[in-house]
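Two complexes are shown next, each including chain A; its partner changes from chain B in the first to chain C in the second.
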Partner chain A sequence: MKIKVLFFARARELAGTTEAEADLPEGSTAKEAMQMLLEKYPDLREIEGEEGKCVLALNQEYLEKNATTALKEGDEIAIIPPISGG
Partner chain B sequence: MDESPAGTPQGNLHELTHRINYTDIYVLVTPSDLKLDPLVGKVSDDGAGAVATFSGVTRDTFNGKGVLRLEYEAYEPMALKKMAEICGEAAQKWSLKKVAMAHRTGLVGIGHPSVIIAASSAHRADALEACHWAIDELKARVPIWKKEFYEGGDVWKENAESRQSTTQQQ
Partner chain C sequence: MGRIERGGQRAHRQTGQQPNIIHFHRVSTSSEPYESCSRTSTQTVGQDDARVNWEGTEHQLTKEQVVRYSRQIILPSFGAQAQSRLCNSSVLIIGAGGLGSPVAMYLAAAGVGRLGIADRDAVELNNLHRQIAHRESTVGIHKCDSAGLTCRSINSSIQVEMYKDGFNQQIAMELASCFDVIVDATDNAPSRYLISDACVLAGKPLVSGAAIGTDGQLTVYNHGPDGPCYRCLFPEAPEPQSCSSCSDAGVLGVVPGIIGSLQALEAIKLASGVGRPLSRSLLLFDALAGRFTTVKLRQRMPSCIVCGTSPRITAESLLSYSYATFTGAPSHDAGPAPLELLAPIQRVTAAELHKWVTSDSVSIVDVRPEAQFSIAHIPGSTNLPFSEAKPQAFDEHIELMRQRVRDAAIDTGDDSLHPAVCVVCRRGNDSQRVVDLLVANGVNDVVDLAGGLEAWARESGVDFPHY
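For the complex of A and B:
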């Protein structure tokens, strides 16, 4: 199952890319996707390591920290560092 | 939410219009200069007795350090969706004729607006309160990031009110 991953702001700088494709087992959760991304882009630990620093968005909606939603083929996940609009 | 995308996105300019609770909503994320007049134009209405606006302007210092320039980055489709969501909620909380919200991306020079919100209503309290509430909500949940460049460094800012969840503020 392939999903699209988007990186923004500090996450983009740490990953060194704006976008990536992740291949995950069927039924994986966003948390599992994040674990895989941390293995592929270890520098991301800088922002993910601190509790509550980063959240994930699934198909343009924020996910709760402990969400267990199963991902689907073609889903779009975004790594959202603390926001600073305005 | 009955979003009806109007205006085809042109170039790097992305906008969305819809209507909720008899209120016309317009949101925009753009790399071009923001100007107050066009946004006020978006909320002009013959039934409005009040137009309130809020402009967030980039300032030249942070904690005494000189800021040379600022750069904004947005998760554009989600930012537009969240901005439209905030405007829709404002239209349910207050009696508004029209509400519009625009945010910059890219390099923004010191003293330029990074965000503008405009609301019109029959009576002033609705438009004034809606603008105040909407900017607080934007800072809490719209996926946009600001980087400040100083002499010898740069830093991604974090809003104190950053509340990146679907939970509603009471």
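For the complex of A and C:
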């Protein structure tokens, strides 16, 4: 199944792209999707953190970092690190 | 009820919970004295004299206020009562820069009764493309004075207070307690954590905005029974290199303008009690795509160390908490500290490099990003961008550099008294990292320009822009 991944701010810089499509085995969880993304874009480890250095969203709703929510075709995950400029 | 103002004097909203703390470190160099929180009670005027022509109304607006704010008073969803609440409210704006400028101007215009402006910097020419509260005529002036001047020229009937030491740990609790709504318009991570913590401990809603490059973010923290705080969302501080500053990463001027305008709107909604604040909701703005996205946020996190069930940060411990250690960053957008990676012999001064350039006996490699290289560079230099965040990307240039050093050595001849290649960058930090990397890869005969092109602009005698 295919899901869409959106990278914001620093995540976009680290991934080098605004969005990407990920092909995952049926029934994959959000946590597994994140692990796969970190393998594909190792630079993203900078904003990974143990407790949370960025907000994750699934279909525009907050997603717990270790959520075991099963994903489905067409789901959209957003990786949103904070920005601090002003 | 009963709080009204007369002439230019403003009274405060009567909440029945005015803060006990009345002394705070307000600095004003203006000849016009500002009122402090403590003086508000003396400003109260008897109910009868002002209400005489306003029988049967529920608001406390004067005739002049009705005229000034008529266009939003006649708005059915706003009205006289909301305006009245706004006129009796107080908002603290922390940061009078790209975000804080539109916040201060719109809140002054909208008639927020008491505006606090906290900042500690002076206006610089490179601020003016985005910090619209400031003027060419106020370059070099303290930002509080400059923004205060603008606010009062828009609306002389409101009260403006200035906090010229910025929002620091010593006054955080007193200041946060003294205002109804707090607006975070700062430019760095440590300040953002401090402001959020103080708002939680003082029980104040926080309108938080941020902008960098072409990205903007906006939300309201610590509002309502379940609204999260900054730490609930970001319990771990970002890596210092994740926090680009405007001075390093750049910012499209109107982006903080848009986010700041939205912050003003949220502050007005909170202060007037109109509409639904952007709590538990994060608004993301992508200027290049022209797209706003809203993400629903989590509730308050029970394990949060400040707003959770057993907090570790309290009003007392906040004073000694090290925000700089937690975030690994200074609470200032002042550019990185000078690095001392190379030995003095591996470095060259701007004056010395100028001599080499004049005698055409050096090859210059400029490692700044392309956008900066295109502003200005030393004639004849080559651009091979290096990024501290992605040093491995420079690996592909190493062979090129090896070749360059060989060629330059042949060009300048064996009797040359100085290295053949000089690496330059903006401030002299990245250039050291590159020389270090080259030496580690066996590429010698390379130096870097100490102090970077900033030193070149100051000391070489060549006309070169400082940015």
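Here, the second predicted complex is superposed on the first by the 79 of 86 C-alpha atoms of A that agree within 3 Å, B and C clash if a C-alpha of one lies under 4 Å from a C-alpha of the other, contacts with A are read in each partner's own complex, and residues count from 1 in each chain.
Going forward, contacts are C-beta pairs under 8 Å (C-beta built on N, C-alpha and C of every residue); 3 or more make two chains touch, one makes a residue touch a chain.
A quick note: this is a predicted structure, and the numbers were derived from the prediction, not measured.
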{"item": "Superposition-derived comparison: chain B or chain C, residues of chain A touched", "value": "C"}
{"item": "Partner chain(s) touched by A:R10 [first = chain B, second = chain C, both, neither]", "value": "both"}
{"item": "Which of chain B and chain C A:E46 touches, first, second, both or neither", "value": "second"}
{"item": "Partner chain in contact with A:L24 - chain B first, chain C second, else both or neither", "value": "neither"}
{"item": "Common interface residues of chain A - those touching chain B in one complex and chain C in the other", "value": "8-10, 55, 57, 60-62, 64, 78, 80-86"}
{"item": "Residue ranges of chain A touching chain C (in the complex, touch as defined)", "value": "8-10, 13-14, 18, 43, 46-47, 49-55, 57, 60-62, 64, 78, 80-86"}
{"item": "Of chain B, residues touching chain A in the complex", "value": "56, 72-75, 77-79, 81, 103, 114-115, 135, 138-147, 156-159, 162, 164-166"}
{"item": "Residue numbers on chain C that touch chain A, as the complex places them", "value": "95, 97-100, 185-189, 192, 209-213, 215-217, 233-239, 241-246, 249, 251, 256, 282, 284, 286, 289, 293-298, 333, 389-390"}
{"item": "Interface residues, chain A side, partner chain B - complex", "value": "6, 8-10, 12, 55, 57, 60-62, 64, 78, 80-86"}
